[in-house]
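Shown below is the structure under consideration.
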Amino acid sequence: MAVSDYQLIAAWQHVLTLSRLEKGQIVTILTSTNTHPQTLSCALIAVQSLGAVVNRLDLPPVNAEKSLSRDPLAYLGTTALTGNPAAIAALKASDLVLDLMTLLFSPEQIDILESGTKILLAVEPPEILVRCLPTTEDRERVLAASALITNAKEMTVVSDAGTNLRCPLGEFPAISEYGFVDEPGRWDHWPSGFSLTWPNEGGANGTIVIDAGDILLPQKSYVSAPIVLTVKNGYAVKIDGGIGAERLAEYMETFNDPEGYAISHIGWGLQKRAYWSVLELYDKEQTIGMDAGRLQAISCFRWGPIMKQVARVQPLVTSIFPCVIALSVWTGRRSW
Amino acid sequence: MAVSDYQLIAAWQHVLTLSRLEKGQIVTILTSTNTHPQTLSCALIAVQSLGAVVNRLDLPPVNAEKSLSRDPLAYLGTTALTGNPAAIAALKASDLVLDLMTLLFSPEQIDILESGTKILLAVEPPEILVRCLPTTEDRERVLAASALITNAKEMTVVSDAGTNLRCPLGEFPAISEYGFVDEPGRWDHWPSGFSLTWPNEGGANGTIVIDAGDILLPQKSYVSAPIVLTVKNGYAVKIDGGIGAERLAEYMETFNDPEGYAISHIGWGLQKRAYWSVLELYDKEQTIGMDAGRLQAISCFRWGPIMKQVARVQPLVTSIFPCVIALSVWTGRRSW
Amino acid sequence: MAVSDYQLIAAWQHVLTLSRLEKGQIVTILTSTNTHPQTLSCALIAVQSLGAVVNRLDLPPVNAEKSLSRDPLAYLGTTALTGNPAAIAALKASDLVLDLMTLLFSPEQIDILESGTKILLAVEPPEILVRCLPTTEDRERVLAASALITNAKEMTVVSDAGTNLRCPLGEFPAISEYGFVDEPGRWDHWPSGFSLTWPNEGGANGTIVIDAGDILLPQKSYVSAPIVLTVKNGYAVKIDGGIGAERLAEYMETFNDPEGYAISHIGWGLQKRAYWSVLELYDKEQTIGMDAGRLQAISCFRWGPIMKQVARVQPLVTSIFPCVIALSVWTGRRSW
Amino acid sequence: MAVSDYQLIAAWQHVLTLSRLEKGQIVTILTSTNTHPQTLSCALIAVQSLGAVVNRLDLPPVNAEKSLSRDPLAYLGTTALTGNPAAIAALKASDLVLDLMTLLFSPEQIDILESGTKILLAVEPPEILVRCLPTTEDRERVLAASALITNAKEMTVVSDAGTNLRCPLGEFPAISEYGFVDEPGRWDHWPSGFSLTWPNEGGANGTIVIDAGDILLPQKSYVSAPIVLTVKNGYAVKIDGGIGAERLAEYMETFNDPEGYAISHIGWGLQKRAYWSVLELYDKEQTIGMDAGRLQAISCFRWGPIMKQVARVQPLVTSIFPCVIALSVWTGRRSW
Amino acid sequence: MAVSDYQLIAAWQHVLTLSRLEKGQIVTILTSTNTHPQTLSCALIAVQSLGAVVNRLDLPPVNAEKSLSRDPLAYLGTTALTGNPAAIAALKASDLVLDLMTLLFSPEQIDILESGTKILLAVEPPEILVRCLPTTEDRERVLAASALITNAKEMTVVSDAGTNLRCPLGEFPAISEYGFVDEPGRWDHWPSGFSLTWPNEGGANGTIVIDAGDILLPQKSYVSAPIVLTVKNGYAVKIDGGIGAERLAEYMETFNDPEGYAISHIGWGLQKRAYWSVLELYDKEQTIGMDAGRLQAISCFRWGPIMKQVARVQPLVTSIFPCVIALSVWTGRRSW
Amino acid sequence: MAVSDYQLIAAWQHVLTLSRLEKGQIVTILTSTNTHPQTLSCALIAVQSLGAVVNRLDLPPVNAEKSLSRDPLAYLGTTALTGNPAAIAALKASDLVLDLMTLLFSPEQIDILESGTKILLAVEPPEILVRCLPTTEDRERVLAASALITNAKEMTVVSDAGTNLRCPLGEFPAISEYGFVDEPGRWDHWPSGFSLTWPNEGGANGTIVIDAGDILLPQKSYVSAPIVLTVKNGYAVKIDGGIGAERLAEYMETFNDPEGYAISHIGWGLQKRAYWSVLELYDKEQTIGMDAGRLQAISCFRWGPIMKQVARVQPLVTSIFPCVIALSVWTGRRSW
């Protein structure tokens, strides 16, 4: 069912209040061609209703010719912020940025966060935003999970389907996504519920089996037959399986970037209002599939402290990201 | 191909004439955010061209946060009419309501029909409306089928895939859907072609096998591997099968309502301009999939008289509905 | 300057609160082709934010071929409610009707008000709505003025330009417009600030001089040379003056209705945030000119000591003219 | 008041039927940026409802930089048809062209008409179209007037304000505009009601006084003080008067074309549903002011046979047109 | 990612320059309801920027009631040009037609091409247009492939999945699609990269196996289980396989035309910027799937000269087209 | 006539080239609710076509409740930049700002210019932009005029209507507006052609007669009877005349600011493609009337060097501005 403006405004007010937006603060809403008009118009009203100053910064679309799909996550490299000091200045001078465009994993994003600006990504359709409204209880659950990661030295992922991946940890921090931004310099994604980190550089080894029923996010579809990834020293070096594997291999080749095969972030979802079965209810181009993301899970044996440059991870995320997400939902989500 | 306004107006005039709309009568068009704008604008013109008075009653969307999808059939409980005497008064004071919003299976709908108001649901896209324009021949075919139901004491459904369901009849009437509303108090759905009833309360027992190639309506997809429903005393008590069954079970659980598992209506489709293969030609969110609904069929051995409260059936309909629809198209559609 | 959605929502919340809208009450917003989209979308949000149930009832435009202009006040006779029991039923079953269509001076409006429904007309552009937001102080000022009318037996209007009109009073009540509806069955107009009544039937006699600088509301223009109306027994029986008078006479003839020449309501405006000079700042078709209406005033001989504001001469003609236009509605509506 | 789609479709059906549109004929609707969307969408439906084939030919706007206003009549020289054989071919191969763009007085228009194609101009807003729906009685009245012109040798125009213009006739035909096109090769304008001709080339002499209250069409305003045109051998050689005359002179100079000062068509209006007072009810840019055009009138003494190339008249029409129209409404319209 | 207007205009300028558009030439853009608005607005600007004259010819949609889907290729028979001499005249009088509506395989198209007019079809979404911008290198590669066909006497298609089809050649020419129209009377499709011909009339014999992973274009989906077509004397006489084959057979029957089963064009794709994996990234109704078309391939043994009427092929193309396209991508695309 | 996108893009490219926009520079387009959509979309394309980086910064409307009209010049005080460091940072970090919102005479604007950013205001409708495209010849003519001001010690304005105003000069610089921004830190207005300065603080004395035919810009109308302003020590201390003067006085009082009566800038227009007669061809709310501004002229006797804070002038500009502009066009424009 569609969402009334009233309900979406109230949802924004809830999230902005959790994000500690204060009267007189500056909010810049980042938009582009793909921004949902109702999400934008309701955000504008909600920000003003809390007494904050609001700007909209609209950037032209880029990279259309490089990307095989229209998903905002389909190509993550240069963004409309690259070489754009005016836009960056606006974002740094803001207390809060509402990213309705998908400014993901860019060096510019890191630069902006370091200035103390908060960034909240919100690109799922209004229906999903109101269903998965974040709570302080979500935050507690995610922080508890991140504490596990922080104290671990290795994460091992196994599944009945054959996944067996060992990831030494310690070079990168645990990242906690709970759907709102309550501290300066914090980035988050509404809706969320996710604790993650990255394997030590070049350290992941083993096998990932994307089983039938797992999800490939760029394709917004459930895999119909297993795809086997062989992981050596941090990179997927082989993609085996049937015709689905062939298509995945072709898709990966189009990035023409060896770093695209590196293993990206690993973690597990903790959002109780998200469902694995949602993906088949929406048209592919209407969502980025975060119901699945919020449910992903990886079984782990040992842990350790970590640290990594997010910017470095960009190309990996582009492509391998969905595989990791997809692999183990059925084992993982029982661990809540 | 798209439909010209001219063609859609002519289609509405055809359906309104079959529905015996007369000069000076009052027609209220029920709309919401999801109403197709061309269907609305053409209905307005067609109603006025027949000399009737026309109103549009637009209601805000509800239940977005409870529903996993945007399908208007995805959540059937409270509607925008609940606790809304002004809207109900308008509908009761109308001779005919054109429901372009999907006011399905609500107590309010029954209340309105009992006042003598006719209601015609029309939410499929314009292309499907013009292809499946109803005829008086459709009406005759459906009424003949309903006479069979009326005279039966039991309906037994069997299929090569393993379905074997016994449904005692007699508590509920036969319902005839033929696409127009030619009598006071009548509800119908354009496009249609469907004769149905409900098993006696708590009486359905056996097994339903949703075979590969059958359709799950909420998911707007053909099942790829069989899903087996065990039915005991009117309720599906087990859902077995592979990953599709797992997702269906998860979907059913989200309603958090034991009545959601009750067997709903049973019957068979009789619309010759509907095709099982249409579903894979449209985007999921562009249709409610009634081509499939109009083709559904259930083989039956014995019959009997029936009677049931439609209002009671609501929660069931929400969820199990697609399964029943899906099960037996290949056996059934040869019985025309 | 344009109005932000946030500001217009807040203005609606203010007016609805003054109108004592309560949680769970039913509000129906009456709209048509000419409804301002921002006024509508903000009203929908404001009503829901106060916990009320909201409907939109949209009616097709009527009388285009009878009217010389597109002003919603240009033809007042049959409305889209005439012979429309469904629409009337919805309005009667509502606690509050927000009239964004201009349902003025119709027998149906009276009928609806008598059922206890409140009606608030709001058709000026958003800029004027927010500038002239009503206050409880407006209400007190208007009620004080109406008390004067209630106690009077005659109103005499004179001006330096030559107006000398005697109006016996007593047959009709004093009407108080202050911009919100705080009692059941009350009608008002946002923005407003106006106390008025009608001369006794057939009782007005004398001369009205519409002076240079006075306003003709249908034409949305300041008169450039005086127009003299001779009033006999309640009717304007002669229209003298230059080419402006000729055009006014032609305009009046097009109604082809002797009752069109009857004197309508008389009174004076009391809205301090309205200005005579606003009319020349807007395009004609963007407003119904209520800044002028809220300033109109009429001097009177026998009364108690009365309060009068702002321009002394301006007001007279300003308002008396719309009365002439409105005139005939009141023969029909003697049921007040 | 706005017009419902239903009413405008019915109006189009009426005009197309008067224009003898037959099943299977080809209708091309000529549109551009300024075309009224409702007029277009209703014309499309009406044409198809009569069984004809319909095309829309949309041409880009031209001459923006040469014109001081956005009125489609403000610059008449090259059009989007100039040097455009494809568009001309489409129009010549059509039985009927509905000109919703204003293709006025171009050589291309004459060329198209000579092929037998009918052209009907319709650019006034929907409200005026439905109010001034043409009738066969309109046609008879106009043809009777044109017979007077055809038999005259001279037209003399006089008015109380001082107009005294002598126009020898005989070189040009009488043109009859009655709002529909019932013969091959005929051009007309909905709404209309007008009989006209042109003075013999270089033959008009005398004085035209545009009196206070007369209308200048490009300015869409009533003149406030007389403007005196001295006419010598077919050209206005002097423009006298106050500041309005100064502005008119400046406006004329911007065309930078001596032919702009030539006297154009002369005639009188015969449309009984048109009113001189309408002009002040609309915004300037919402209409081309044809209510006035349909009422214009010129007193005439003697007559004679005529003939002239319309194409030659173009530049004149551009500029002097409004003067002639304006001059004598008050004398003329009593001659009906 | 979306495409900026600037980028799409530049892409159009590139394609129009390759198509040798010259200053002063006439371009007609053919549009209908399904035309992408950005593609249209950018084409208008690009054509004018090269000094050409531009028209837009908009035709109403047809055949909605005959087609099971909204894909513009779903029903190819009568078009909006059938019996429409005005539209045909416009197209014939144009130097270049940009077909943004899909005027495919109609006798009218052949007629227009024979007049020397060039036609360029462009209906894929903007993202695909800019990714697959044609080059002169594309042209050379396609022409080289067509030379092979021209010199061949037979084409034999085999695949590991079991395809074994023998097609005698010689009756029909080789057709070269490379994405732009650089010669009078040439038709092409942007984006493209395709060399094709037709088997001699009634000559194709053997078996086509549409393997798992192959694409059915009308359904915009990868086949999940093999479908076997038995081909006798140019016609598919049997369709075997599982439920997918059943649905395909039903889909074919709806055309109710024996010619629908004839084998259509055969050839192979040569577009290096097209990918087999793109289909699963877009919503079905957002594309016509030409990435797949540009990759299709058929292994061939012997060749020969050919010649055929394209008009004859129409009904075949309607239905069998996707099958041929789908069959052999994995063997073929390695032959570049 | 409307402007084609192609023509408006070319006009923008012309102006941006005159403004020396270079590849890789940063352009921020400032927009709000009142921005013309075609002006915006064409500016975006033109900027990108010159290789520059483009942002759009959209700010919510403010001051609606304080302003009597919707003219962007009707209230100049706080703007959407007040207390908005993020927006200011973006503008300062830009090489060029295209102001499509009207950020006039604010302290923030001065601050931004001082950072070296250029600002070009462009809010007239597209038709006026393309008619008054600036040239380098415009620049030379304006600079020559400004040299006169720079060397003068006093400006005396006289007119036949009775204006006699003495303005000592020397405290403020001469400002040259010629329609483009070819130097860092420069502000200009497209379209323009204007040389101006301000009288020494408190120095203007005498009488200004706004004659019949002169223009009041906020009202977008020609004055119909003289209005006499008595100027003492830099302030208009009396406003005399008829009803027009009364309305002007009321309008001035609504600002409730003594500084509103101060004399603002004085100068004369030099734009040869601007016309005094344009104002009566547009609807009031479609233009800010700059044709008049570009023609204004003041006769002057003696001159001198000047310097002044623009920010100081704000309140004056709000109100008196039109008077000065209006006064003397007929004397002045002959001085070119």
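A, B, C, D, E and F are the chain letters, set down in written order, and residue numbers restart from 1 in every chain.
FYI, a residue touches a chain if its C-beta (ideal position, glycine included) is under 8 Å from a C-beta of that chain, and two chains touch if they have at least 3 such contacts.
Bear in mind the structure is a predicted one, so any value in this text is a computation, not a measurement.
Touch-path distance (fewest steps) from chain D to chain E is 1. Centres computed as Cα averages put chain B at a distance of 38 Å from chain E.
Inter-chain spacing, taken between the CA centroids of chain E and chain F, is 56 Å.
Chain centres here are Cα means. That of chain B falls 64 Å from that of chain F.
Residue positions of chain C touching 2 or more other chains: 4, 6-7, 44, 48, 60, 224, 283, 286.
All chain pairs in contact, by the document's touch criterion: A-B, A-C, A-E, A-F, B-C, B-D, B-E, C-D, C-F, D-E, D-F, E-F. Touching chain C in their complex are the following residues of chain A: 4-7, 9-10, 41, 44-45, 48-49. On the chain A side of its complex with chain B, the touching residues are 1-4, 6-7, 125-127, 130-131, 133, 212-213, 222, 224, 275-278, 280-283, 286, 330. Interface residues of chain B facing chain A in the complex, by the touch rule stated above, are 32-34, 60-72, 74-75, 218-219, 221, 224, 242-243, 246-248, 250-251, 254, 283-286. Those residues of chain F that touch chain A in the shared complex are 24, 26, 28, 44, 48, 53-60, 83-94.
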